[in-house]
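Below, each structure is written out as structure tokens.
Consider the two complexes below, in which subunit A is the common component and subunit B and subunit C are the respective partners.
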Partner chain A sequence: MPNTTPESVVAARIRAAYRVRACAAAVCTGAAVFALGTGAGMAICLNAAWLAAAAALPACALLTLLAHRALTSSRPARLRNALLAALMLLLAVFALAALVSLAKQTMLPHATISYIARTSFLMAALCCAFGGAGVSRLMFALRFVLVLGLAALCALSLRGESASGLFPLLGPGAQQVALAALCMLAGAAPVLLLALPPAELAEIDEATRLGATPGPGFFLWRVLLGGAIGVLLLAALSLGGPYERIAQETSWGQRMLLARASGPRAGGTQTALLILQAAALLLCAAQTMLAGAQALSAALPRLQPFALPVALALCAGLLTALVYTGLETALRAAPLLSLPAAAAGALCLGRRKSP
Partner chain B sequence: MKRALEAVLLIAALLLTGSGGGGREIESCLFVIALAVDPAPDGSLTVTVKALSGTQEAAAPQSGEDAPAQEAGQSAPSAGQTETVEPGYVTLSATADSCLSALNLLSATTPRSVDLSQLREIVLSETLARTDATLTILRQIDALYEANAGAIVVVTPDDAGDFIRRQYAMFGVRLSQYLEVLFDHFAQLGTIPANAKLSAVISAMESSTADAAAVYAAGNAFDATLLLGDASPTDRLPGHLPRTSPAKNEYLGSAVFSGARMVGTLTGDETAILRMISGQALNTSISMGEAIYQISVHTRTRRTLDWVGGVPVLGASVSIRMALSAGTQQQTAAELARQLESDAQQLLRKLQAMGSDLIGYGRLAVRRCADIPAWEASGWETAYRTANVRTTARVRIQ
Partner chain C sequence: MRMGEDAITLTDDLEINLRCLRERLCMPDNQDVLLRRFRSGAFESALLAIDGMCDTREIDENILKPCMDLPRDAGADVPGGERVAYLMENAVSILPMQMKERFDDLIADALSGQCVLLCEGSAAACVMDTRGFDKRGVGRPEAERVVLGPHESFTESIRTNITLLRRIVQRETLITEFVSVGGAMKTRCALLYLRGTADEAMLARIRQRLCAIDYDFPLTTGEIGQFIEEHPGSLIPQTVHTERPDRAASFLAEGQVIVLTDGSPAALGAPSTIWHQLHTPDDTSMRWQYGTFLRLIRLLGIAVHVLLPGIYLALLRFHPELFSPMLLTSVYESGSRVPIPVYLEALLMTLAFDLIGEAGLRAPGSMGNALGIVSGLILGQSAVSADIVSPLLLIVVAASGLGGFCVPNYALSIGLRIVQLIVLTAGAAGGLYLIALVLLALLCSLCRMQSIGSPLTAPVTPPRRANPDILLRLPLRRQKARAFFAKHDS
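Presenting the complex of A and B:
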């Protein structure tokens, strides 16, 4: 007989909400690692970007542990939440910039950047308007499609390619790989959304929520899997062609084309791959935007009813500024996101509240 | 509040996304099917394109009998722009100091914008292909005009512009479809290289670990009766096949590149051997002696690179299963294996002499290097030319 006492039902609900949240964090991490790897990593260390991106995985693990600690901490955290709000909104803009760059290079080559940016932002904003639980549950529902789909489609589109694209393993050299690894640490930043309790658990009292919060391992393997998928996608990019080809590609969107050796925009495999990549980036933007709004309302409780519109307006403003200054600005600024992420992570260290 | 926000966003979506620019009417595009690039006397380039004319006849297939008659009325290109008309297609050319400028000139002087998304064939003059300009030209076509990455790169010793003027659809199909079928047919015969698509050629030219091959083709004037002699019909270069056919262009063999520069040619049979030891000959035919064999998909190929006393040894082993499809088998499986080993060795030696790594042994050599500076300092190009060759073949006839 299954245990159907009210307490167990609430505990199951809390666990389910955290499971969904962990999946959302995993998808966001994978998308951020991929976007940062193609944008900043490949520009520095060419075909060795996947190796540099692997450095983000220990950072993912560390931030997951810190975020879990914040979940179970009783310390007042207005500063941390303000920092998280800024970080999440910047990550949302970065994911949108990556989506715009990918769409411009593949699906909408003849459209203007500002048109693609407006469309992408509105899609993300519409996702947000239907609530944070909806976006997270969508990510949860798509978890196998995204992970297995991306892996299978990569394998299909790279069929016949030899592994030579991965060599020389260190790309331009160990120093460049180390520099790229430093830049790629920001890829772990989306993990910090785990420091915010899921919005759908707001009506459950804190003691009950804390009592049913799963251990760090529950989040850790999911987040690491998401990050590893991002790293594997970067490795697949290196397999698609020689390092000279990567060096020739100056556009962010061009570098995201996984199947370029077989001809971009050709065939169902590439189309499906693009759709999955775009979906992951869009969901990452929506989820981080929502997390930003949630952190904003936690940092400034009086702003609570307007937190989402304010977050959307800030993102729209930043994205517009990016469109006018060039999407490459996002790439130059993105590695610096590791600094607020590290600060927010440090602020997660606090006294644990016993359940 | 939430519903109001949703409503505002939906209305904003309608208002803001309605201003998408960049849309193009299909009638405003000049859909190019074949493109040719020739050197002009003053160091410029002449770009010739064969495109859908956009008239109602465009949809109608040409008959093989009508097309040559239309061609007879075509004039030779001159500096500037020339237009010749044939049912459904239009041939235009422009001369400028670069391929990009010539394409821009065509766009500027034609009432339609050049669109290379339907491109099926890029023909380069051999004179041009033997210079370093080839890669720049192909990159410009690929990147700036978003050309179809699956277009086949062809090199011809003739005038490339004349080559595409002679190219017309036969057998009641559109030119684009005709070219697709034609390249599929020769790929099936195994007499043209497997990776001659635009994206693959550019990728190989940019790579320091492999080299590119393009399709070699030439026109046949039919003014001389040639005899085959003892050689196999496909063991020769295009333009020298004794036959009568409405098609004046012959596609046979490979144009071999080292880096961005063409360095030699391979005959149809040499190309077939190349495909076989590269593992790209599955389901194709091969002519050996008096017989033609179909190569089974169960064939296994393996490339190896060993270092013996600091000297590389290029290895190629083939375990081939084939079935007799035409002619009479006069050799045993062991004799065929020995012949294959010898042919493969000759081919590798020929490629070494040209300095072209079509098989991609550089991809194996690069694994010994930790980083790019070490690879670039490894002197692989010199080592490749002086490497020893070892080939093994096992033949099983079904």
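Presenting the complex of A and C:
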């Protein structure tokens, strides 16, 4: 017989909100790992990018534990929140840049980059305007579509049955793999959005919320699963696109294409896959933008009514700058996101005050 | 006590009371009002009713005749304040009776078809239910037809509708509350719920929103639904309407509140989820395999309805490589003869389809069906022959329109038609990429919506405890949980 007292129902609702949040963090992590892997990872160590991306998984686990520590603390942390705001907004710009680049090089080759950037940003801003609950819930609802769809389509589009694409296992060498692994650590950065309580719980008082917050294991396996999906997709990409072919690709968007054996833009399967990639990146951008706005309002309470417009304006400005300086700049700079992520993680280590 | 139109409560002077009622009811200009003075034993009485709204035979036989037949000295020693009660005990033989003192209440009751008995010396009047106006009988549902299951629908009479519900839900916990809503013209609404099943907080929220309606003429449940929903700017309805008593009964069992209004042949169920809009009674009446299959077909129809024209346009303009060379040649060949841009062509055809649908709906009787078929055939054939549209586009629009008829909820189907036009425009402006982005934004908007405080997309997202009866309809023996918005300890 299930426990259905009002207290247990509130606890169940808090748990459901955290489930939704953890799922959003997992999807963001998967999208970031995959985008970083195809961007920085493959540029450095070619088909061994998936191996380098696996280094992001322990980082994901560590940041999840730190984020959980921050979540269960009632101590105000303005500096941490300010850093989180900056990190989340940079991640949002990174995801948007990846989205625009992907669309330009695959689905809309004849459209101008500024047109694609404008429409993509507009849609991300629209998603943000509907509120954090809408984006998180949508990510939760689409989790199976995004995860299983990507995996299934990836597997279906593999032409060769041999696993030779994965070899040599260390790509151009252990040194390059280690360097790529260092760059891939930034893929774990979206996990830090777990340090912010879900917006849906704003009406529940802090003591109740803190008392009913699930343990770290609740978040850990979901986030690791998200990251692992990103790693597996990179492995599948290596299978589909052998060493020599990946080496010839210098553009990010082209490297993000899966099922290369079937040729670029060669069928419905590939297009469906691209749409799923685009969906994951858009949701990741919207979710991190909202998390940035939430962290901004926590860091600067006076800014609370304008936090989202300010966050949107900052992202729009950065994206516009990238459009004019070249989206590849975001690709090159993306690994540096691990620095603010590490700093924010370190700030989560502050002494905990029990509710 | 004030006199004239400002008077609030009755006095013990019958003459003053009648004068006040005459003024308020605009007599003698208003010739529908029946105000009859008569002698009832040792004192004078009066009866107020509206002609045509009440059963005059019942009034004659059960009120007027017994009162006038009383001996001349009957009730001579009864104090003024107890004379109405005396008549009720000794003369009147009508069951539902209520004592009221306020003019507003008495007038409202009289206007709803009840009759009011006043006595000399009494500052209270008795309201008796003698409603006897003509009304439509219980008919078959027009918009929610089913193959299996009952074939009766609500009528315009609130009393009949409550009876229809009570006949199905024979439980002592079924509560009916009457509320008058609106500004200048009050509409009588009934709030029905199962005590112990419906959540009190949600019930209080609905009551509060109903009482807050200040619109002058909220006539139907559709209008009332617009006032109690949280997101008036949304394309998706946040309450569910039904014309079927069996469906309304199932809503009650789930913990929803039913709102009925006098004069509206539909019930409003709140809170609701998006899944309520996609289910039909047939899904549950049939075996689970059939119900699940029908739901999947319905979802396919909705996807085709919303997406097909937009995807066709996106493929043609941005992703022609996805067509086979043969098909692409045929599309370009037929398209080359059409003088207007493909977006305009698709937009015109989609709007023409909606036009035919709307005209068919409004055309009288059986003309509607004939009109739809004739316009579809003639317009379509002529448009292709005149090279105004390409034949493939005609097939796409027809298939999409067919999918639209799968939507079981009429309000939702109109919302989806608007979404179809948005997707069509997105397909023309940015291909499959923009369609995907626009759909994500629309889904975000859907996921954040609430219906009387309950998430519209729950129990799928956010997750809530629920029966396996959402997209798939699994066996009934596995459906033991009550809806997530029902009372927690029920």
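Quick notes
Operating definition for what follows: the second predicted complex is superposed on the first by the 348 of 355 C-alpha atoms of A that agree within 3 Å, B and C clash if a C-alpha of one lies under 4 Å from a C-alpha of the other, contacts with A are read in each partner's own complex, and residues count from 1 in each chain.
The rule is simple: a residue touches a chain if its C-beta (ideal position, glycine included) is under 8 Å from a C-beta of that chain, and two chains touch if they have at least 3 such contacts.
Here the structure is a predicted model, which means the values were calculated and not measured.
Superposition of the two complexes onto subunit A shows subunit B and subunit C fitting side by side, with no clash. With both structures placed on the common chain, the touch criterion links A:Ala133 to subunit C but leaves subunit B unconnected.
In the superposed pair of complexes, A:Ala279 makes contact with subunit C only, with no contact to subunit B.
With both structures placed on the common chain, the touch criterion links A:Ala43 to neither subunit B nor subunit C. Contacts of A:Arg19 after superposition on the shared chain: subunit C is touched, whereas subunit B is not. After overlaying the two complexes on the shared chain, residue contacts for A:Glu244 are found with subunit B alone; subunit C is out of touch.
Once the two complexes are laid over each other on the shared chain, residue contacts for A:Gly171 go to subunit B alone; subunit C is not touched. Geometry note, superposition on chain A: angle between subunit B and subunit C about the Cα centre of subunit A is 100 degrees, to the nearest 10. Once the two complexes are overlaid on the shared chain, A:Thr112 sits against subunit B while remaining clear of subunit C.
By the touch criterion stated above, A:Val9 is placed in contact with subunit C alone, subunit B being left untouched.
After overlaying the two complexes on the shared chain, residue contacts for A:Leu51 are found with neither subunit B nor subunit C.
Superposed on chain A, the gap between subunit B and subunit C at their nearest CA atoms measures out to 6 angstrom in whole units.
On subunit A, the surface touched by subunit B in one complex and the surface touched by subunit C in the other have residues 108, 111, 119, 126, 130-131, 266 in common. Looking at the complex, you find that subunit A touches subunit C at residues 2, 4-6, 9, 12-13, 16-17, 19-20, 103, 107-108, 111, 116, 119-120, 123, 126-127, 130-131, 133-135, 137-138, 140-141, 200, 265-268, 271, 275, 278-279, 282-283, 286.
Considering their complex, residues 46, 108-112, 115, 118-119, 122, 125-126, 129-131, 162, 164, 167-174, 241-245, 248, 260-264, 266, 305, 308-309 of subunit A touch subunit B. Interface residues of subunit C, counted against subunit A in their complex, comprise 318-319, 321-322, 429-434, 436-438, 440-441, 443-448, 455, 457, 460-465, 488-489. Touching subunit A in their complex are the following residues of subunit B: 1-2, 5-6, 9-10, 12-13, 16-17, 19-24, 139, 146, 148-150, 197, 199-200, 203, 206-210, 360, 363-364, 366-367, 369-375.
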